[in-house]
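For clarity, chains are labelled A, B, C and D in written order, and residue numbers in each chain start from 1.
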């Protein structure tokens, strides 16, 4: 089956006074219906700009310099990046929705939850206010907000953080989109609330069979959510594989080291294996492997040219001249 | 006594055939039109007793003066002409040693409300208003004779009034003759109720309550905007053709609070007359043709600018210098009046030497001592005064103290600050250590009048053509005799160190006696002596008088500018050619 | 056994709530820290964990006397500092340093790194001359893995991890014995977090430091701490040895916290049984009756609604404030 | 409010009294005014009494609605203020409304077209407006008026105003209003415009604006529904605050254009030490300030549920 969303060779650059920040370079990804693709990366790795580029929410001085975003949800192939702006408003929120990181700031403080919910419904569906209001109540019930009828009249500040994120999810899903983009949706929440929200999102995703792009820096969170994982570093995709492969058979030295650098709740560890050095600066980066300066498996070649993203094993892509092939038998996570 | 009777005859000869025509009787103009004057601020009151500022008195003059007084003065020849009083007898001595004037009031004169004017109004004005002890006014100071007597008026018949002083008082004629006459039928009620203060506030204009004998009656006042006058339908004067005066239907005082805006309004034709500042004069003069205006000067103004020293300054060393006449003469020699005129008055000034205004009939240039600008003469005076110089050129007094003092003036007055700088520079050349610091006006007044804590000062005083107006300044017990207050007037003067030179005593005597003399020639001699003494011993060293400057539309006719000043003194005969 | 370096007894910190348009009136208290007691021994890492608003940061700030306690005792090296004035507090301030969550906010942007490091050295008279201070500053930079040439740079020229290293160097400069670590890595990237955590471990070893570690990241707490106190609405609900508590949590809240923390392992994640709590943390202004946790607790009994449970000793190094202990008869 | 008023008026009173001299100083150097007369005036004005007695007398009057007596005008202060308050309001309200409308519209344009030619152009205009001294602009306009004859040079009315009918009178005032209003507006709108621009730019960076876009709201709705209302919020406090300047903010403009307003009256009173006029204006300022803040708070509560519902 054709993926519902394909991103091809997407590059988004920011033209700053200090120079060109190449935030996203040559990113390719595919998302199928009822599939969760996770994008993992650190600050500045380009994961967030990638999904905002898909939504065309890139503002000056940023610019999508190349690539295509093919959407197949409306019975045809459409390149989102070449649609006129007013056509775009019928994609956003209706076909592709997005949930932001901080629920405290995603809602307009001056309007009631009901207002912000119904305006979206009226915008995209051919219904009157009253029907929209009822659909809104249904949505709030879906995201398990108690006393939904009453809560429609509440303002965001009357909600707790978790409740607000539920409301945001309700808005995002109110028009039954085929793709949901979640940009670190639980990072700002407390851990017990995070668990609630992740649970909810997963449930709803299954129910609506939505394709979901899930962005996070937290390897623990992604482990529970994603079917497929894209690891980004320095504005490029480093490794793309199924969740199991990423966690048990990481081939890229970066992924490999990252998994050893994080503490685990379920184990007593003596030491964390730190990755030396600093994350790269993003201005005027040369076309070489961005991880090379911190990589212990670095070859001479690594600082001279950029490795291609190659399919080393079936459905397992790695951008590296010297992948960690010898640890094949899942040495990454020592099993006890 | 013999001398007095001679005087009496002279006076009778001089005054009792006063059958002069009134001013404006020969006028020949076209009635109608509107005359717009600019003023910086609006009237505060229309009650002459209360009014203290020109913004109010200018408005009051329009309906009470300009022909509304017993006699009026010609602005060019400075003589008194009959007005409400058709003629008069006196002033003359009476057998009891007092003095009287008999006024014969013109018959048929009416107030602007149509109410006829009689002797009752004149008597009421003097007895119940100006000399009423319950109504304090500065007019009482003016009318008070040497020994503190106030005049009394009595009605002889409906059109004859006698005014009487228990002693001779020369100024009585001009002050009583120029006194504004209140309509008894309106004002009496306020006097009786004891609230004369509240009579004719500015609200009275819009209430239509203003009544007067003058040519224009204010009928509309928009605060801070304008005062509009309409001509008095009962004004008594008629011109050569029998046409009733005044000519203008309306006069408007347009209030423009900003001098620059005032000038622009004049150039724009919104106002008809303008008093330019020195800095603007040349520029306006150039535009005379383009703007169809007349730009002219008219002799020195009455206001003065002078430098003076405090003879009772707290430091006894300094007192000694300031009391030293040679020191003062040296300072007088160091005042470069020409350069003051050039740099500060744009050439529109004239050196002043005498305490009596050059525009006054008592001014006598022959007797005046002039200390020309000459630093060598100044040094010579200092040597005469016992001063020496050290090797650095610093001036020392005879005890070896360096001469060092503070010179001050009120901050913000550009001309006075300029004069101070020019004088201070010259004095420094003489080896004096002068520090010039302008200070706030109110602080200055406190120092001058209440604490005596000052050394040298540059200030100005207003003046008039009558030297006696400066009595408060020149009499040794005067409240403005600030350079050398009598210990009885100011408590900061040490009675044991009070120094009163003979010439001061003589000036004091002149100011006490001249008002008792009715013979103008004798008075002239008295004031000549005063000018001689004051200009020689210079307790106040005069600098420069500015010239009076006027600009008015060339279409204005009958504008007669003279030493009395102003473009409005004969407003009833002025007219505009459209 | 040796004396604890820190002993906190019945510590309370209430913030008054005022209301009113023209006239402000006190209407109640936010009981941010309510009757908290614990002891910390030398070279130990003591973790305070809990969700936002549980009072962990306020506890730390009160212990540092950055804010004044409402009631209770804070003994440092056996001396109660809860009421000392500024002057008497100074030597304790030196012994107790803090590293904040946000390295950007805690470094003055107008001062060079050299100035930032030298200032406290001279202020606390650790050294006598400027030269000595300079040498010591370079030494400190080396210790935290930076280079001497970094002395003349300004904070904005460093990455987040480097800034946190500078903050550590500054904290270490005055030879402290206790360091408060207030979420010291939560603003850092995963790849850098390990560097910083390892640095803390190294210094604790070398310099015999005692750490008060404040975090909401239980994985990190498990890795770094010896003891842990779990806080909920201003009170400690469970306290004791880290491994014991993480292996055998008793309080339902601790259990929920642990089960909610994700583990970077898809298989384990899929098998885990989660305790999903309903609702969110109530407002500290209007705390529930009885046990504060009872409205969200899957095991609540009638008793829980009425009375706040006492601290029960589970073992030598494990205490919990929950009636479940009685029932299970531990 | 009452204690504030009390403290501020007492302070102003003491400061006025601490300044050297008093109202009568301007007459003390006039040779024609005698000492006795000055003493009589002192007594009449109550200047011979102790400061606190004078203050308490004034305060007592204030409670009964009596604002005192002007030495200079020799009339009740309330009359003086009464006849000028409307004039000042006409000028300040007119320019206030225009400044706010122009400031907000241009601020929005400037923010939406950030870094474009128009943004830069408007920024230059704004900084000119902020930088140029009011008196200088006023004089410039005066010259403009005088040279071109398009606008009257000074004042609020023509001298023939009293003879006009209502419509002519209205036109007359409106015509006179333009230059002084322009002076005030030019100085006033610029700050507002920059403030609005900054505020809107801040809001445009907010997540909820981006979220509104992400959920497919058209740009028009994003700007005017989601961004604008939030951006206006901080201006409301300012609005309330600047309301308080309506009755006293234009001394220089009023003086230069001979506008018969309160500013001129009070300025003159300050110079002349006409103390009760100054005191009355202080009372008005304090009341206006408090009222302005109250209005601001009420407006803010009306538009912001966070404030309303707390």
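Here, a residue touches a chain if its C-beta (ideal position, glycine included) is under 8 Å from a C-beta of that chain, and two chains touch if they have at least 3 such contacts.
The shown structure was predicted, so the numbers you read here are calculated from the model rather than taken from an experiment.
Enquirer: What chains touch chain B and also chain C?
Expert: The shared contacts of chain B and chain C amount to nothing, since no chain touches both.
Enquirer: Can you tell me which chain lies farthest from chain B, using the average of the Cα atoms as each chain's centre?
Expert: It is A.
Enquirer: When you take the mean of every protein CA atom shown, which chain's own CA mean is nearest to it?
Expert: The most central chain, going by mean C-alpha position, is D.
Enquirer: Any idea how many Å lie between the Cα centroids of chain A and chain B?
Expert: That pair's centroid distance is 92 Å.
Enquirer: Need the CA-centroid distance for the pair chain A / chain D, whole Å please.
Expert: 54
Enquirer: Please report how many Å separate the Cα centroid of chain A from that of chain C, as a whole number.
Expert: From the centre of chain A to the centre of chain C is 32 Å.
Enquirer: Pick one for the touching-chains graph, please: line, ring, star, complete, other.
Expert: line
Enquirer: Chain pairs that touch, all of them, please.
Expert: Per the contact definition above, the touching pairs are A-C, A-D, B-D.
Enquirer: What residues on chain C touch chain A, complex-wise?
Expert: Touching chain A: residues 51-52, 159-162, 189-195, 197-198, 216-220, 222-224, 243, 246, 256-270, 274, 276-277, 280-281 of chain C.
Enquirer: Could you please specify the touching residues of chain B with respect to chain D in the complex?
Expert: Residues 34, 36, 41, 44-45, 50, 52, 136-138, 140-142, 197, 201-203, 220, 222-226, 228, 252, 254-258, 260-262, 264-265, 267-268, 270, 440-443, 445-446, 448-449, 459, 461-463, 469-473, 479-480 of chain B touch chain D in their complex.
Enquirer: State the interface residues of chain A toward chain D in the complex, per the touch definition above.
Expert: Of all residues in chain A, those touching chain D are 55, 57, 60, 85-86, 89-94, 97-98, 100-102, 105-112, 119-120, 123-124, 155, 157-158, 168, 171-172.
Enquirer: If we count contacts the way the header does, which residues on chain A are in touch with chain C in the complex?
Expert: Chain A reaches chain C through residues 42-43, 160-163, 190-196, 198-199, 217-224, 243-244, 247, 257-259, 261-266, 268-269, 271-276, 278-279, 294, 333.
Enquirer: Touching residues of chain D toward chain B in the complex: what are they?
Expert: Residues 19-22, 25, 27-37, 40-41, 44, 72-75, 79-80, 83-84, 87, 139, 142-143, 145-146, 149, 152-157, 159, 161-162, 254-261, 264-265, 268, 273 of chain D touch chain B in their complex.
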